[in-house]
Amino acid sequence: MSGYWSGILAILAINIIFAYGIFVTATAGQLNLGGAGFMAIGAYGAAMLGEQLGWTPALTVPAATLLTALVGIGIAFPVLRTRGVYMVLATFAFAQVVTGIILTQPALGGAMGLVVTEYVDLPVLLGVAAAVTIGVFWLTATRLGLAMRALHDDELVAVLMGVPARAVQVAGFAIGGGLAGLAGALYAHHFSFVEAQYFSPLLSIYVLLFVLIGGTQTAWGPLVGASFFTIVPELLRIGGSWRYVVFGVMIVAMMMFRPEGMVTRTLLARLMGRRRHADAG
Amino acid sequence: MSAAAGVRGAHPLVVSAGVAVGCVAAIAGLAALPGGATLAQQVVSGLMLGGIYVAVAVAFTLTIGVLNFLNFTIPTMFMLTGMVAWGLARHGLPFTEAWHWALALPPGIVVAILASLVVERFTFRYLKTRHGDATEHAIPLVSSLGFLLIFEHLVLIVLGSDAQSFPVRFRLDWQVGPLVVGLPQLASLLLSLAIVFWLSWLLARTRTGRALRSIAESPDTATLLGVEVTRIVPVVFLLSGLLCGVAGALFVVNYSDVSPFMGDHVGTKAIAAMVLGGLGSIWGAIAGGLLVGLLETLGIHFFGGDAAQVVVWTVLLLAIVLRPQGLFGGSRIGKGKL
Amino acid sequence: QARDIVIGLTMVKSGPLKTPGEATETCVDIAVAEINAAGGINGRRIRIEKFDTGSDPRQAATAAQKFARDDNALAIIGPFSSGESAVAFPVGERLGIVQISNSASQPGLTGNFSYAWRLTEDEGKQFGRLLTSLTRKGVPASKAEIMFISDERISNITATQFYPGLLRARNISFGEPVSFQYRTFDVAPQVTQILQRGPEVVALAATPDGAGKVLRELRRQGFTGRVIGSQIFADPNSVELFGPEGEGMIIVAGFWWDRNDATRAFTRKYAEENAKRGLTSKRIPHHSDAQAYDIVYLMKQAAERAQVTGEASRIAAERTAFRDALRGIRFTGVTGENTCFDAARDAELPGFIIEIKNQAWSLFDSFPADTCA
Amino acid sequence: MPMPDEALLTVAGIGKAFGGLRVVDDVSFTVPRGGRLGLIGPNGAGKTTVFNLISGVYPLDAGTITLDGKAIGTLPPRDRVLAGMARSFQNIRLMPHLSAVENVMLGQQARASGLGALLTPIGWMPRGRWRRDAEALLAEAGLDIDPGDVVSSLPYGIRKKIEVVRALASRPKLLLLDEPAAGLNPAETAELARFLRKIAEGGTALLVVEHDMGFVDEVCDRVVVLNFGKRIYEGSMAGARADALVREAYLGADAA
Amino acid sequence: MLLEIEGLEVRYGRTHAVRGVSLGVATAEVVTVLGANGAGKSSLLKAIAGAVTPAGGRIIFDGADVTALSAPERVKRGLVLVPEGRQILVSLTVHENLLMGAYGRRDGDVARDIEGIYARFSNLAARRDMLASVLSGGEQQMLAISRALLARPRLMMLDEPSLGLSPLLVGRLFELVRELNRDGLAILLVEQNTRMALRTASRGYVMELGRIVLDGPADRLADNEALAAAYLGSH
């Protein structure tokens, strides 16, 4: 594979994992605009464990994932008191606090960032991304996934059907936070360097866009959304600075014509239906 | 609608006059204390900084309170005013020598309004809510982010990524004893207040106000009742574009510089202000704006520049969690649509 | 038909660093055209492969991979910024390809990477020269205050790790450095704070736009002393940005356009070529532009020394030979004469102390480059 | 075998006020095991509010609720569901993005507690137990639709029925139905009545709010009539028809 | 004819909801449209009101082709729909909902008309300053109809208005329909309460799978075998 495409693929793999982190809460109807905060915790967690304690990535990555999942649980309780825009903004504020704290802590490298010595190569990233993808597909096919989608549509009714709403939502934040942290840990080890400035509001916004543009109805959404966001700007590379403008136009057009995201259940049903039809004929 | 509730409840005119008198007295008292001048200056700076946040926060509140639409392009409108005005003035437009910098600002505002209308045309106009669940209301959020990309990069292409100086050459500070008060900021505060009075009256009491609130709830039903949604909604976008434009112009006059990213910081702080005050409550936006400004300057004074950001966002996080409706907000707005 | 020698250029043509970064390409193109016209390297033409990172560090890593693995590049010019270099240097090290940055001036960035080089001068050293010059020229500076951008790495390091020591060494008293964030636009509270301590000079560590904000606020609140700073905001294009408030400011840069015939010729070409490309405001080269121009010549010299052929089959060996040829090299270009590289592969460059006078850059003082051990 | 007249649901003296307005005022009634009680009354009488109080959407201001011998009046909604009740809604509240069969499978939630049940991939098993169950239930209700259809595109009447089926999927001891026949045509109403009687024969107790008196006649063996939040009648439907108060407040003079 | 529909088509993506429907409503006439669930009745009314864009066909109201007009334009001309599921504005008060009904009106009689509504529906009068969200189902239905009346329609389309009303109110509703009709209002009524609808209307249409399969005078339809068959359903 060419060096260029392996570079792009590495970014894509991390974006996919990250996007699934946001997707898991979004399927349950919770928009998380604090993705960068979770990712930063994972990245700095892995970096610190690696540099301070000398752990290898085989240890730092799971540990950082677990750490972020715990943070997810911790933050879920206050954040779940809020709804809609308030939740979006609460998670946004959370991310701002995380990066703000990193910037003010010399022990975390402050504005200078941290160098990460242990390197994790592309095959690992691809493997983890594939595993996460399969895991999330599996998750959405379970009763837990069904409960999440029900919470997304109508929380009160879901509760009246016996869905343990709070537990499911907290689980969503734990899994989602963990995945974002996993993406951060892999980021740290692959790019060998972490800095607070990278985990900006813009990053949170982008990853939420991956998910919303891809569609929150099925697990295909983040996969398609992250790929779209990672690969289309590359294909537009010849356009120079114009590529972002074109890209913005594509986003707006997408929302005009496919407001529920690129992949919807109806679309899948239609594709599957066709296939079934074709098989029969 | 909390804006309406605000009018029906305490009389905001009385309240705000009282608050203003109280503030002036407090600052004067503080300045008179030995060594209090510095702190008094910080309080003044904070309130003045808040003045800028207020205008943008009101613009945010307007679209979210009236149309239930969290419009992320608002910081871009703010930025467009400054950058377009700079671009024009740089090329000597409009052609009046000494004043062309100041004269370039109104066209900048016009561009912000036009941009806002373009956003309306391609986002709100296509917003067809179907089922009313939690995330599909993110649609306007996403498309307004799309526009954010478009406008920001257009500006980058045409005008470059640098901050630029915008040499407005008139002294606009007001020296009161040991204190320096920025007149443009004061003006933006007063202007926002005036607009807010008018808006809250409009929403609560007029036919147009009711139509707007109907649209906020259900554009489809409003249409069936005879509301020309496509004609009324642009008015809101026009207003919010105007507010951002004016805020941007006053910003430029005050700080004498512009940059393609000048909206980002103001934008996030204005959102914080809006949330602190309560979504959809225009009175809340005013209180929130001033509060965030104060929190920021006092945070800087006591804890330093970085910690101040942590302070602001922590306070916000706590506020959302402890009092999700904000200081003045109704509990309904913002829970459904983004 | 001889094969071209490929050199990669990791540059910034979009994103937040677009404006400071976009003239890099012009300078590289000028140098390549000159070299090719004069017969190339070892008789082979240079071909530049370009990659725009959009100011995103991850893209700088991708660029290094692309040049090394897809384009058979001999070496890479760039990345532009410290953030990008921090990510791209480890990649270059793994792939065994030299990268020479023209702008990343964060101290210690090249670390232990044998393939990471920089043609830039250290912020701390440059600021020390500026302080020396203040004493030499009798500028009153016994009480100073430091203001810096905290979330911009170079500003932060310079202000917190270099300014205090350098000031202390010259017996200049100062208080706790006061910080503001990059996106902050209102620095009134910070300025109120430092002016309360009554400084004679204010030492700034900030990007040009950050510096502009502080300057204006300082003057608004009545400060009349000098504002000084190292090379971060020493941008010839900032004179306009600073406006009348910038008058009397003293800064330091690694390049002075009016130094000799070569620098003047380069400056002329720079302005012409930029005008052709629509970059009309870029008339005087920034030191990172001059450094980009010199990097191409530096690469030519090293490639000739390593007897590089550009053959694809030998590329790995030639890259290493190229790196080894850089060791102990002495180089003369528009940035200085007999420039050498220290043990950490950072260049030793001269320092030019610049004063803004009558709204223009004027040379206030200058220091020769240090010699390498 | 349960005793036929043993009370399954006992509502005793419940009350609810909204901002001073007493919407439900000291209402008591019982639903026996396998019983079929109709709750009727004029618009705004408080019927839906009673449902909301029983299912725990609103907290009680006064009174107690007992289900199967267990006091549930203060339990959170989910625990009441687990105790054996299920309900439908006056305005259809299906999950618009889920398919018909998924909506029904959501109704099974109360029966599928525990981590194991939560993590079994029901979506990938067309022949899995849960799915077969759900499809069978849909068929039993006479719903001739593709179970994979997303409900938002189905017609009103069909959705209305799916909602009843969803409530049934938890195999409740007590089923609360809020105007199940509203929006159905006479033929469909009759069919639904037949279906509900069959369910009742299977031992599920019914508490039905409905304005279609013919339907109530068909389905319920007893009615409670509310007016302004108060119980004004309890007894047989025929008795209600004859009651002057009920006629005046609810049925209208010309009701035959 | 006050309203004439010719060959109307409505499609939602692949669903063909209304297939070439033609019908007419004369001035001061009550016409009812009956049909099983999903027959396309609501889609028909929505297309007439302008809430969905028809895929084909023409809508002529009062002699003018209104097919291309927007919904608000049609409201102004007196073509008003009381939509299925009431669609009242729950974030406005009851009174404000009524004012919204009169949105297109510029005359000074609005206040008087609203008092008239309050006199007729005492439930609404008692809750005039409460948010409409707290109304019971039946109260919401009253509000929806009252709101439409305030637009001073010439043709009112009612989509299942009796849904959720008590028997007493259903009776009153149909009385109201007859009364409004006597005052000169034309009414197009979609109902599941076939008996009442046919008793009130002068003519009726029966829809099945998007097509009109039967039409005629209401009394003839009332004892029509085919109608019974259509309802007992072939499915």
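Labels for the chains are A, B, C, D and E, by order of writing; each one numbers its residues from 1.
Keep this in mind: a contact is a pair of C-beta atoms (placed from the backbone, for glycine too) under 8 Å apart; a residue touches a chain by one contact, two chains touch by 3 or more.
From a predicted model like this one, the values you see are computed outputs, not experimental measurements.
Under the contact definition stated at the top, the chains bordering both chain A and chain E are B, D.
Shared contact partners of chain B and chain D, listed by label: A, E. Among the chain pairings, A-B comes first (most C-beta pairs in contact).
Mean C-alpha position of chain D lies 29 Å from that of chain E. Computed from the mean C-alpha positions, the centre of chain C lies at a distance of 74 Å from the centre of chain E.
With centres taken as mean Cα positions, chain C sits 36 Å from chain A.
Separating the centre of chain A from that of chain D, both taken as means of CA atoms, is a distance of 41 Å.
In chain E, there is no position where the chain touches two or more neighbouring chains simultaneously.
Looking at chain B, residues 131, 133, 153, 156, 306, 309 sit in touch with two or more other chains. Residues of chain A in contact with two or more other chains: 103, 152-154, 241, 244.
For chain E in complex with chain B, the residues that touch the partner chain are 49-51, 70-72, 75-76, 80-81, 83, 87-92, 96, 99-101, 103-104, 147, 151. Residues of chain B that touch chain C in their complex: 38, 41-42, 45-46, 48-49, 52, 153, 156, 160-165, 167, 173, 180, 251, 255-257, 259, 261-262, 264-266, 296-298, 300-301, 304-306, 309.
Those residues of chain B lying in contact with chain A across their complex are 64, 70, 122-123, 126-128, 131, 133-143, 145-150, 152-154, 156-157, 268, 271-272, 275, 279, 306-307, 309-310, 313-314, 316-317, 320-321, 324, 334-338.
On the chain C side of its complex with chain A, the touching residues are 13-14, 18, 52, 54, 57-59, 61-63, 65-70, 83, 86-87, 90-91, 94-95, 106, 111, 150-153, 156-157. Partner chain B is touched in their complex by these residues of chain C: 14-20, 150-151, 178-181, 183-186, 188-190, 192-193, 196, 208-209, 212-213, 216, 220-221, 237, 240-244, 281.
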